[in-house]
Structure formats: C-alpha cells, structure tokens
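Read from first to last, the chains carry the letters A, B, C and D; within each, the first residue is number 1.
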Amino acid sequence: MARAKPIRRVLVANRGEIAVRIIRACRELGLETVQAYSDADRDSLAVRLADRAVCVGPAHSRRSYLNAEFIVSAALTQGADAIHPGYGFLSENATFAELCERSGIAFVGPSAEAIRKMGDKAMARRMAAEAGVPVTPGSPGIVADAEEARAAAARIGYPVLLKAVAGGGGRGMRVVREPAKLAAELAAASREASAAFGDGSLYVEKYLERVRHIEIQVLSDGETVLHLGERDCSIQRRNQKLVEESPSPGLDEAARARIGEAAVRLCRHVGYRSAGTIECIVDAASGEFYFMEMNTRVQVEHPVTELVTGVDIVKEQLRIAGGEPLSLAQSDVRLRGHALECRINAEDPEAGFAPAPGEVRRLHLPGGPGIRVDSHLFEGYRIPPYYDSLMAKVIAWGRHREESIARMRRALAEMRVEGVSTTISFHARLLGDERFCRGEVHTRFVEDVFMGAG
Amino acid sequence: MRKQDQLTYEDLLQIVELIKSSPQFTEFHLKVGDIEIDLRRGGAAPRPETAAAADPAPKPVQRSHHVGGGELVVEPAAPPPKAPAPAREGAQAWPEGSVIVRSPMVGTFYRAPEPGARPFVEVGQAVAPDTVVCIIEVMKLMNSIPAGASGVVTQVLVEDAAPVEYGQPLVVLRPS
Amino acid sequence: MARAKPIRRVLVANRGEIAVRIIRACRELGLETVQAYSDADRDSLAVRLADRAVCVGPAHSRRSYLNAEFIVSAALTQGADAIHPGYGFLSENATFAELCERSGIAFVGPSAEAIRKMGDKAMARRMAAEAGVPVTPGSPGIVADAEEARAAAARIGYPVLLKAVAGGGGRGMRVVREPAKLAAELAAASREASAAFGDGSLYVEKYLERVRHIEIQVLSDGETVLHLGERDCSIQRRNQKLVEESPSPGLDEAARARIGEAAVRLCRHVGYRSAGTIECIVDAASGEFYFMEMNTRVQVEHPVTELVTGVDIVKEQLRIAGGEPLSLAQSDVRLRGHALECRINAEDPEAGFAPAPGEVRRLHLPGGPGIRVDSHLFEGYRIPPYYDSLMAKVIAWGRHREESIARMRRALAEMRVEGVSTTISFHARLLGDERFCRGEVHTRFVEDVFMGAG
Amino acid sequence: MRKQDQLTYEDLLQIVELIKSSPQFTEFHLKVGDIEIDLRRGGAAPRPETAAAADPAPKPVQRSHHVGGGELVVEPAAPPPKAPAPAREGAQAWPEGSVIVRSPMVGTFYRAPEPGARPFVEVGQAVAPDTVVCIIEVMKLMNSIPAGASGVVTQVLVEDAAPVEYGQPLVVLRPS
C-alpha cells in the first residue's frame, strides 16, 4: 500500500451533526476545514465553524451531497488534500472512494476495494465465513422442494425462517416452528412470493428471536487492528436505532473478547484500513453471535465507544488517512464505565414519529458532569426538510449503567427545544421503563413490548 | 499537520485595496480561519439584494461534456437558488432588473476557451440565451455556460481561473 | 458519630453554576431540590431547574445567601432535610453548620468542629505538623531581634521572607537572599509594619520561588479516606485561579502518591468527613511540598478531578451526608488522561479584568467530544452585578495533556457570548502560549511571564 | 432516596376547584417537580401588576425578637423588592392603589398570636402603620409584622401556618 501523504486541509462532504463532529476533530488536529454544503445548508453551524465553505449544489442531496464529481471538484479547487464523507451520502460509495484516489485526494475511509467487498452482502458473508466468523446458519442456496427444505431445517434447527430470494418488506417470509408445518408454509410462502415478486424461490435460514443488535467498533491502520468493545443498538423502531449503549448489558467479558477477536480476524482477512463496524446479532437464548454486515464508515453512535474507551474515533480516522500509525495497542483499550446515547430527532412521537422540520426558536442543551452533546443546532436555526431528522445526540457517561441512565434522564429533563417537535419525551419515557433499566431488551423491544404495551 | 494559513499584513492591505477599487461592492465579508474582515463602503447603506431576489432566474442549459451524474442541468422544475449566499458572498450590487448568470456547478471559471484567447464575452457585448459566457472546469471536463437570456453584459464578477461554487454569480446582464 | 438519616429533599443554598451543579447531582440521585434564591436571582437557571424555589432575601448576599437563619428557616418550612452550601457564602461557616445540626438538617459538608479546626490557619498548620505533613519552614514565632532572625534564617536556609504578623496586602514583607542584608531589611520591614499596622513584629519564613499551587482532592465517609489525585492551579492572576488541571504536569507518580498519602493522614488526624481539598505549594527546584491550608467544601475546579477519576464528587458529598459509605476504595481510583478547566468570567481582559455584568443576548456553548460545560447561562439571562463574575467553566478531557489542550482551544473557538465581555480571548491566548503548553508554569506565571511579556 | 412526590388526579381537581372558587386570582402557575400547571381565568386578560409596581412600599419595622444577624429590618436605604416573583407567585389581583404588606423574611405565617386566638387582623379592619398584621416564625422566633401604613385590610393572602418566602405579599390594604 502506498504511503499516504500527511493531510493539511480536509473537505467535509456531509452535513448536520457529523459535519460539526468532523470539523471539531480537524480543529483539534490542527487541520484546516472546507465545508461542502448544499443551498439548504447555507446557514448551518458547520458552515459557520469551518475555515472555508463551498456550495456544491441545490438542496436535493442527489445533486449536492451525493454528487461525487462536484464534491471532488470542490476539494480540488479549494486545495483540500482529503475528503471526510461522514456517514450516509457518499461514505460507502466505492466509486467515490476511487474517484478521490484517482484525483490524488485522501478518502478518509477504507480503500474502494474494501468498501466494494464488504458492501456486497453475499461477498461479506463469504468473507466472514472464510475468516471463521459465524454467520446465521441457513441453506446454502434456494431449496428446490419440501424435501430439501426439511433437510436444511433439520440441520440448522427450528424455528426457521423461509425467505423469498426476491423478497422484501416482510412479504414472502414465514416463520416455521415445527417440522409438521414446514411443507404447508413452504407452499404458501412460495405462492406469496410468486405473486408479489414473480419469483417463488425460497431459502431457509435460522430464525432468531429476542436477539440483540451488537456491533463491534474496529480501528485499523493497515498493520495494527484493534477492537474498541461493542455497542448494543437493540433499541430500534422500524430498523432505526434510537438508543445505543456500551458496554452491552447482555454481554460478559468472555463474550466481548470472543466477538471482538472475531471482528479483528475479519478485518485482517479483508485487509481493512480505517475505522469500521462489524454488526452482529446475538441470540439471547444461546449467547451465540452471528455476523450480519460491516459498515465501512464512522457510525452515528460512535460517541458511546469514545466515552468508554477515551479514544477519539474520528481523529484516528484522519490520522490513519494521513498515513500515521495507530497511537495505541489493544492492551491500551480499556473500557471504563458505561455510556448511553439518545438520538433526539425533529419528529413528533405523538404522530407516528412524523418528521417535524422548522425553526428552533429557543434552545437549551444539557451540560454538566458526564454529558456530551453532539449537535448542529443553534437558536434561530431552521431545520431544513430535505434531510434526516437527527437534531442532537445526547450522550451520557457514568461509572456504571445505573449512573449513565440517571444522568441521561437528568439531561433530557434539562433540554429545551422550542419551535419543533422532538423525541425527547419518548426517550424520557423509555428511560423510565423498568425493563429497559434492567437491560432486558431486544430488537423488537420498542415496537412489541414498550410501545405495544402502551 | 500544520496550523491554518496566516493572513499577513500585506495580504490584508491588498484585499482592502482591491475592494477600494471595486465600486460594485458596497460590503465585503471575509473569513479565513479565525480572521474575519468586514468592510462597508462609506455612505452606502447596506443594500438589500432586491435585484437578485427579483431577477428572472437564468436557466443555464448544459450543452457540452458534463459531469455529476447528469444532475447538472438546471431544469425548470428545480429552480436555481433564489437567495445568494449572504454569509460568504457579501452583498454585491448590480442595477435593478439585471439578470445574473450563476454557476450551476463547482469548479474553475475560465473567461476564454484557452489561455491567451479572446474572452467569450466582454462588458458591453450583446448576448443571446445560448451565447457561451464562460467555461467551468469540473475535474478536467470543460462545461460551457450559456447566458440563458438575451441582454448586454454589464459586469463579469469572477476573475479568470478562479474557483467558483454552485450558485455563485458569474456574469451580470442588462436584459434586452 | 451519630448515623445520618437518608436525605430526600435538599435545599441548595448557593447560586450560579454551582447551584446548577448541585441540582444536577440531586436529580441524578433522585433527590428533590429546593433552590434558595435572592431577589436578584429570581430568573436564574437554578430556579428554573429546581423542583421548588424559595426567595430568601434581597440581592445583597449578606441579607440572603449569607443569612444563616433565613436559609435554615427556608429549609425547615420547605421540608428539606439537607442543605448543600456549595462554595463561598456559608460553606465554611462553622456556626451555620452547627445551626443546621441543631435544626436536624444535614449540612452537606464536614462537621462544624472540622470546619473550625481547619479554618483557623494556625490550628490547621499545627494539625498538619502533628499528622506529619510538611509545612513551610519558619521561625517558631516572632523574632525578637536581628540575632534571632539570623539564627532562624540560617536554620531554614536563604532566601527567606520577613513577614509582619499583622501584615497583609504585601506590606511589611521583605525577601532576603543573603545573610549580609538581613539586619537592614529586618529594620526596614519592622518600621514599615509599625507604620502600617501599628505592630512591627516579624517572623521569618522560607521564601519559595517558582512554586506550583497543587491541591489534593480528598473524600471521606468518616471511615474510608481517599485521595483523588491532585489539581495544579498555578495559573492565577491576583490570587484568582484562572486555569486548573489534573494531573499536574510537574508531578510524577511517586510525588503524587506521597502528597496524596499525606493528605489522607491529615484528614484522618482531624476526623474529616465529606469532600475536602488540601492545598499545598510545591517547590519546583526541590520537588518538596508544603501544606498551606485546607478547604472544607467543594471547589470551583472539582470537575477536572471528576473527569480524570470518573468520580462524581458532589454526588459523593450528598451520599456521605446521607450516611452512606463511599462506593469505592483507593485502589478503584485510577487517573485516566488529562483534564483542564478554564474559568470564563464576565470580565473585560482589555480593561484590567473589570467585571462586565449585563445581558447575555446570544449564547453558543461548545460541545462534542471531551468537552464539559458547567454554566448557569442561557440566552436572555441578565448577569446580576451583585455576585462573582464566573459565567461558565469549560472543561476539556483528553487522553493526554496535548489532546485536552487542543480540545480546549477548539472549544473556546466555538464558544460565542454576545452582550457581555468575557475572558474567552484571554484563555485562548494563554492556551496558545508555548511555555504553558510545555507545562512550565508557576503561581507568578500569568502576571510575571505571560502578561509581563505582553 | 425516593422520587419526588407525585401529584395525583385528585390533587389536580382540587387545585382547579380551589382556583375556580377564588375570583381574586386571574392566573395561576404551579410547578411541582416535572409537573407545571398554568391556569388563566377565561375572559380576563393577563393583568400586569400595576398596583404592586406603583405601591408605596410598606416599610415593616422589626419590633420583637429578630433573627438573621440584624439584617431583617428593611431600612429605607434598602427598598423591598418592587417586582413580585412572577414565576412562582402568578399574577395576583388587587385594586389599584392598594398597599401590599410583604414578608421581610422566610418562615411560617401566623394570623393569630396563638392557636385558637383571634386573628391579628380581619378583612374590613382599619389598621395603623404599627398595627401588627401577623407573626412570622423563623426558627422558633416569633416576628411581629406591622402594617407599615394606615388603611383598611381588604385581603389576607396567606393561609394560617403556611410557609412564606422573602418578599411574598401577605396582606392587602386600601390606604386611608
């Protein structure tokens, strides 16, 4: 791998809180910043904080934040030698990473090749298997008939999930809990899939209930690969993460080490360089974990890991992109206490979490011991309707989970946002739930238990 | 990793001189790192950009090579930005009723087809909607920018070979 | 010692940022809060955040925050079972602590007896000596003549300081660097002291130059006594601390342990219970430390210790006052990284740091990784002219001193306060000073080196 | 350590009923823990406390036992608070030109010298400046509070044995 050049000026190719986060990291490293912004983000905090700013297109992100050529052109004309893509937008776009490489600009992330490998779910699953990382058990491919399905189900164990290869949105999916029902369900699922997608092919996968969404943060400079412990992101609504924490209340030291080492093996196997996240599901019943996918970028929820490890993940990304070796070894990574993040969105929890853009007329963010706020809000800021509704991440640290929860409750009670609806009240209620406080959560907790129970 | 560029006293003097000799600017705002400069022309009250707000938005149509996934063409359905970038651009003055040709992309502005050649347009020149007023280079690709309206060029706002951003005013026309 | 009752409702007998800090700690412990406020603090953040609030008197603090009877009466009528005095005001008033005790209200601090003992400087010095804690060498009492002065000076070593027993404000003080000049300086100092204070009595003390102001945070539940490392508060102007940090760049592990153990010995010797601070000076030349005084309350700068140890000092104070044992042992106290606090005051550094009360018209506090802000400000808040000028404490944590300084610089650059003058620019310049960054500071650094050098 | 008291639905109903039956209140604000209640009498526009702002400030003079380091006496040099506590007190209504006797201390309000005894003053009673209108107990010490002005008592604002804070309006007089 070619030795990377030191970085002096970074173009921030993102918006909102993550743009502010990246600018902060650059400032702390003494790097100049150029904020690429859309017409709708002219009056944003990132534009105010950056050393320079350049408008790259209209509000519509396809023509601004997703416009690879304009982003690279902006970096070139502004003399930036690196581009940080944040999360979303172009962050996992291998073509964009390649375009940066060709233009002599450091892409703050892994190589285009690594993005491509891990972006293809089937390839990523194969990579994991090759690296000895468990993947969800299932049939090798589609099952031809009930006979084959029965054999596969017997091998992987009930309950199983029948999944249409062409499926999506829950259609063509059937949970089967006993062999006697397999044939009938297979026929029904196949009919449904044929009708819906024009393809009745099915495969069989292990059905896991009451699973936790666990992800491992990794950092690699291409030589040293570290894991920084896990995040538990089981608190989700419609696959949107709402609360993340580290460490997980459902993992012990031994499980943590086992999953962490597996994540490191996978990164080594694919020659991964930069920060990344290995997403797994952990079966509460058996304690087994299974590889799901890899995110080849910084995650929204990275701060919880930063608070328990003391490692600044965004600064490490920038250092790695500038060719510097990691400044720590695995033995330096020690988790301290517990951290919790609540994503505060401009949404109305009383109206099905409908997005509620508008002007932030009054704002009071929480502070004091153990509280970190990552936000791009300011009084008078107009939240544009074109992008996601994340307004602020409130992150609480405590010596133990009980303390970080108490701090988060206190912080949410202090926080005031006037002018737009927010999810603060939802979080406050969730954090008052005894089952949540006991850590008894899974990926269906919010929808089936917390909101289901009213 | 080094500290951000320092503006020298010479740089500041030059900038002030430049603004002094450019009567079209009534206000000027510059931010480089921690340094911010605000200049306002004596006597001239801060002038709202009424002309710009009212201007019949130029609709440049992409004609030659283009980049950006075909997203460059400013279609009528997606109006170009109405408000200029106040924080970065400062208030620029042009006569009421002017038509402003804005950059539909991020790149480098060229007044002429090649170094040493005659500029595409000069002040005082009449243009038709499809008259090319400049080229903007985006990643080695040269994009011709048409005037988008008929009129007479009254100002060219950008220096040759200067970087331009999306929506930046390039050329001012007095419509005919 | 009588077993303390559990606390349910706390009256906060202070204002400004420390009142907010105490309310936050109470919230996190599930304790109710009653904010005692003066007429000038009606529209304060503490009043807004507290569960209840009670006006205890007019703006003038002698008649409100310092009015012991009214404060206790407010606690009694509001059903509070504890009073947290914060710092300043009644926090080190033994009579007030006694009044609380007599009224059946827990005083969140040490016993009246401990306050009395450590509040008397001569008694505190004797206690330290008894506990084997070094005190600045000096003559046992006043020196009768040049002969005695010469003997004392010879014993403690030059340079020495001649100090008027009745002195103050620097008058009647003389530094003597060699024996030959002693007699003449003694005569001059005695004349000066006679003229100024009507008493020419002098004593001789070791004169220490280039000293650091180091203080040790202690926590005691009456049984277990812990030290939580030191704070270096050498950055002062006219004896006002401006920047504090932990750990000190001038102390190594061995010195830290030695001073910490001495502080614990002293606390045990006086039967200290609650949080407290042992202030020392450390001689840069010899590395020796000398006891100066003890502060029997929480300090303004306690957050730097909280950030490096993870211990919430205010919550520990409350727990101790409620009769709970400390939740940790000395072996659990591990310093992690480095923290730095800048005190942002409503003062004009360009006008001799003149206080600049007024209305906070616009406010943007810094956030993001490693930044904590303890402040009572909000947009539209009018800083009253009656009290101290502290507006906000910005505290930065980093894996090492370099990182915490970089974060602090970044945070100060983000911070915006419109409507009043602040010391932000002063701090930004100080943090850019290379000598400061190298840690080459002493108690005269700001006045003699940083500001002296212009 | 327990959670803060919860207001029950019954409590709320009672409070609302109480306010409904107290026509002297046009607005009511209550905050207990996380619960805040705001009531405003229908039709009655929020009424600025002009009377209070204009009132000739009562100057209660300490007469019997006093506490607080001799700082209780409200001397002419230190005027009592002019503005009432808006956030906590809510707007209280009294006729223009009224004189308000405010509490110069923090303690417990007593209308009578001892339990069961006749109140110091009743509504409709004429008082002189030195007429005692109530006692405030501060840490077992009883402090007699004089009217401070001549007039007729029109309202007694505080319930017997209720806690009062500094500056709280206690009694309303129509000056004579």
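As a convention for this text, contacts are C-beta pairs under 8 Å (C-beta built on N, C-alpha and C of every residue); 3 or more make two chains touch, one makes a residue touch a chain.
Every value quoted in this text rests on a predicted model; they were computed, and no experiment measured them.
Participant: Kindly list the shared contact partners of subunit C and subunit D, in label order.
Facilitator: none
Participant: Taking the mean of the CA coordinates per chain, how far is subunit B from subunit D in Å?
Facilitator: 67
Participant: Can you compute the centre-to-centre distance for subunit A and subunit C, using the mean CA position of each chain? Integer Å is fine.
Facilitator: 43
Participant: What is the distance, in whole Å, between the centres of subunit A and subunit B, each centre taken as the mean of its C-alpha atoms?
Facilitator: Going by mean C-alpha positions, subunit A sits 39 Å from subunit B.
Participant: Centroid from C-alpha atoms only, then distance subunit A to subunit D, rounded to Å. What do you get?
Facilitator: Going by mean C-alpha positions, subunit A sits 57 Å from subunit D.
Participant: Two or more other chains touching the same residue: where does that happen in subunit A?
Facilitator: Each of 29-30, 413 in subunit A touches at least two other chains.
Participant: Connecting every touching chain pair, does the picture come out as line, ring, star, complete or other?
Facilitator: Graph shape here is a line: each chain touches the next, no loop.
Participant: Of all possible chain pairs, which ones touch?
Facilitator: A-B, A-C, C-D
Participant: Under the stated contact criterion, what part of subunit B meets subunit A in this complex?
Facilitator: It comes out as residues 1-5, 31-33, 67-69, 71, 78, 80-81, 83, 85-88, 105-108, 138-139, 163-168.
Participant: Inside the complex, what are the residues of subunit A that reach subunit C?
Facilitator: 20-21, 24-25, 27-30, 49, 303, 306, 310-312, 314, 336-337, 362-365, 367-375, 378-379, 399, 403, 406-407, 409-410, 413-414
Participant: Contact residues on subunit C for subunit D in the complex?
Facilitator: Within the complex, subunit C contacts subunit D at residues 6-8, 29-32, 39, 42-43, 47-48, 51-58, 60, 62-64, 67-70, 72-74, 76-78, 103, 322.
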